[in-house]
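Note that the chains take the letters A, B, C and D in the order they are written out, and that residue 1 is the start of every chain.
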Amino acid sequence: MIVFDQVYKKYPGNITAVENLSFSIERGELVFLAGHSGAGKSTILKLIAGSLTASDGMIMVNGIDLSKINQNHRTFIRQHIGFIFQDHKILFDRNVFANVRLALDILGYSEKEVKTRVTKAITSVGLEHKINVMPQELSGGEQQRLCIARAVVHRPKILIADEPTANLDRGNALRILELFKMFHKAGVTIIISAHDENILGDYGKRIIRINQGQLGS
Amino acid sequence: MIVFDQVYKKYPGNITAVENLSFSIERGELVFLAGHSGAGKSTILKLIAGSLTASDGMIMVNGIDLSKINQNHRTFIRQHIGFIFQDHKILFDRNVFANVRLALDILGYSEKEVKTRVTKAITSVGLEHKINVMPQELSGGEQQRLCIARAVVHRPKILIADEPTANLDRGNALRILELFKMFHKAGVTIIISAHDENILGDYGKRIIRINQGQLGS
Amino acid sequence: MKTISMHFRSFILAIYDIFKNPFEQLLNILTIAVIITVLGSVLVISKNIYNLQKNNMNFPQIVIYLKDNVGQNDISAVEAAINKFNSKVIKNYQFISKAEGLNELEKDKELKQIASDVASSNNNPVPDVLIINTNTPDSHSLQMLVNKISKLNMVDDVQMDVNYANKITNLVGFISKILRLLQVTFSIILIIVIYNVIRLQMLLRQDEIIVSRLIGASDSFIMRPLAYYAILQITIASALAMYLVNLFVIYINNMFISLSSLFGDGFLLKQFSPIQMLQVTGTVVIFGIFAVFLAVRWVFRKSYVA
Amino acid sequence: MKTISMHFRSFILAIYDIFKNPFEQLLNILTIAVIITVLGSVLVISKNIYNLQKNNMNFPQIVIYLKDNVGQNDISAVEAAINKFNSKVIKNYQFISKAEGLNELEKDKELKQIASDVASSNNNPVPDVLIINTNTPDSHSLQMLVNKISKLNMVDDVQMDVNYANKITNLVGFISKILRLLQVTFSIILIIVIYNVIRLQMLLRQDEIIVSRLIGASDSFIMRPLAYYAILQITIASALAMYLVNLFVIYINNMFISLSSLFGDGFLLKQFSPIQMLQVTGTVVIFGIFAVFLAVRWVFRKSYVA
């Protein structure tokens, strides 16, 4: 369960990215976060993942108040989250396989399990033919899918996807959404940000609309 | 005028990204390049800009055969092209203004002219309130718009946009397309790649569809 | 078990990283190696300076002039007195009789005319003499020795080149001051250069550090491979440096041998012992780990990742 | 005009870059500075070694024994012969008469007894002597001098301590060999370390280099600010290094002064002259520009940007 209670996020330079924001997301829910460019979507997702700290208000993730945790605890929480970054954050010094396995290495999986899981994750985003390729040899959409594979490979309890289909054609986007749906069915809490509500259309799930850092219409 | 004549592009590892591709684009045309993820769109755009060289076939840009030019000439051609990179290629060590001015500095504009032009370009993409901000303090869509401003600031003869609206909401995307339309009216040749033909809908311009590196349906 | 295997994996990854870009690594390794070599050479010289003093410098001679009419007994008595002294002060001594003295005198070209005049006069004015080669530059203990011997009643006069002894003391002090200056200087250089190389490399791996942290890696997970990376680099650099120091010592020793007329035979630099090599390497490696730690913290701070 | 203003802009940008991250720059600058300091110190010492030889080493003395019955004319004739020689070989000379010679002899403790015996015999066997202080360790030209003088007929004998001369020659050779070794070593170190620091910094500016190239920057446009950046860094480092070398010289000279008993008064290291400082700085700066050029080319190649 994720709860935002009157959360503010001010960046240096007096920029208020999130203002008095309250909402809650149930465990196992699939939620879309929609809003214009600069609305504060990424900021909200980073707050949930603990890579940003709120300026004011309370954020609870799985019953833990994020303002009260130390570094070890934050690390622990992150290990149970899968994050698809808007700017991908791919490591260009290692191939696709090694990029994806990083999430498993952090959790200390055995070599054998790493192999099976990584292969499976890469296949699920349609990159099986690129498994040993370096990221700079991938197209934009392929890089995005690599990022998705890394986020899901350790089967996180919470999946946070920041514009996961921005660089994907309709076919690939649907495939990714199918993947998310599968995770959703398995009980994973999923939050997907999108500037384009079109891609959400036929899911009929809950949409949180953000406008200038506040709940919008 | 841009002409592709039986162009092939093979990457190391026996990957054929572009295969026997022929088309031509008239001076002043506005063309959309559509195709699935990995179809070869970015490869084609890079070939036009001369940052990749064809493995086979001929590419002519404004009457110059790109396979026959030296480094100086390539530099010269690039100065007349505006390129919006799919992966943005923003410099994170300098602010928005300095990122945009780079294109003018290369051409040796005076300090005064730099100031006017950069301000105008930044305003045209709606980033005027972020002019002195560092790029890592921009949202994903804002970064994309910064990249667009840099590509148009020196009023290039050819504008190449690789998925320029992937990270933008409808409002901002339309604004950018308006901007392109304006350039088009001023006689600039414009090639825009997109995985999503929706955004092109109401323009009614020519679309080149790419499928697996070849002209598609 | 898990931790051990993680360490092992980090170690393998580090080896892989080093060999992935051998040329780039080579430059970093060389940079570190040359600085260690310079410091190592200074250390080798410092280590040898004591031996060098002992074997190759002429510590002051003490010349004992015996009275004109001494017999064998008196000489033995003086020798007995000398023998009581510590071998740290006295290296050896030598008795030169009147006759030998005149003989010596004749060898000196400048004086041979005088000597032959004297010899022909059948009245040898040269006294019996005992020459002590001392073993220390310490003028205090030497002076004590001189005073003791002067009191013996068969001794006419005792001469020591105190000035020379002071010179030697000063020279030793001078050399060790310079060596200390060099040691400090090169240690500082080593610290600055290694930290800078490690820091720049960590900066180049900034993405890796930040992304790992963002997806849940603990500090130790992040630092482990980087530390191994630095350890490997520094160990290779250090091994190379030890080899170069060896070459340096051999080179210098060859020069000494070809210049033995100048320095005498005994003067050869001793190499580092294996244990000393391990000590040097170990110290630098520990510093390298520390540098990684500092540099990574600094990357965290720079990138504002909580 | 345009080019000049572009250079000026690049220069200003470089200053800005340096002061943007002063701490990081400081480390790079320090790294470069310490290496230049070490090389500079070696150069200063090398530069001084010749003066040092001249003023402080005793080149062999040549002792001319005149015949027993020479008069003032004969002495003047020898002096005239000596004066014909080059001042590069002969530093000065000194006439010591029979009487003075005996006097000298009496000063020597070991010999005073003999001397007084001799003096009391009213038959001074000490010859008139001319002592030449030479000015070179070169035993060949010294031997020529000796041969010439021997042939003069009022000269009884000429003695030169050839062995000593050889020793000096060897010692000078030894010192300059070591200094040459150090110069070469530290030059290599300087090249490696500077190239590595520049290379790592260019690597950190890889994005800037690649993006500029992709949007139409010429090579000179890309390299100009980077070159200024390196020039500034190296110039600051070099200025710092020159200051440190100065401190080093002062430190060493203070030691020499406090040890003047050991080395004599004249032995002080001379600082670099401003021109020499400029030469050192200039050489390093030129190498730095070259390093930027190499490193940027290398970034181009690494990133496959046409």
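In this text, contacts are C-beta pairs under 8 Å (C-beta built on N, C-alpha and C of every residue); 3 or more make two chains touch, one makes a residue touch a chain.
What you see is a predicted model, and the numbers here were worked out from it, not measured in a lab.
Q: From the C-alpha centres, identify the chain that is farthest from chain D.
A: A
Q: Taking the mean of the CA coordinates per chain, how far is chain B from chain C in Å?
A: Inter-chain centre distance comes to 66 Å.
Q: Can you work out the whole-Å distance between the CA centroids of chain A and chain B?
A: Averaging C-alpha atoms per chain gives centres 29 Å apart.
Q: Averaging over Cα atoms per chain, report the distance between chain B and chain D in Å.
A: Inter-chain centre distance comes to 61 Å.
Q: Going by the contact rule already set, what residues in chain D reach two or more other chains?
A: Not one residue in chain D touches at least two other chains.
Q: Line, ring, star, complete or other: which one describes how these chains touch?
A: Per interface graph, the chains form a ring.
Q: Quick one: which chain pairs are touching?
A: Applying the touch criterion to every chain pair yields A-B, A-C, B-D, C-D.
Q: Spell out the residues on chain B that touch chain A in their complex, using ranges where they run on.
A: Against chain A, chain B makes touches at 11, 13, 15, 35-38, 41-42, 86-87, 133, 137, 139-145, 162-163, 166-172, 195-196, 198.
Q: Could you please specify the touching residues of chain A with respect to chain C in the complex?
A: 49-53, 71-72, 74-81, 83, 85, 89, 91-93, 102-103, 105-108, 150
Q: Which of the residues in chain C end up touching chain A in this complex?
A: 2, 6, 9, 205, 207-208, 210-212, 214-219, 221, 305-306
Q: Spell out the part of chain C that touches chain D in their complex, as residue ranges.
A: 24, 27-28, 30-31, 34-35, 38, 63, 105, 109-111, 113-114, 117-118, 121, 123, 125-127, 157, 159, 163, 166-167, 170-171, 173-174, 177-178, 181, 185-186, 188-189, 192-193, 195-197, 199-201, 203-204, 251-252, 255, 259, 261-262
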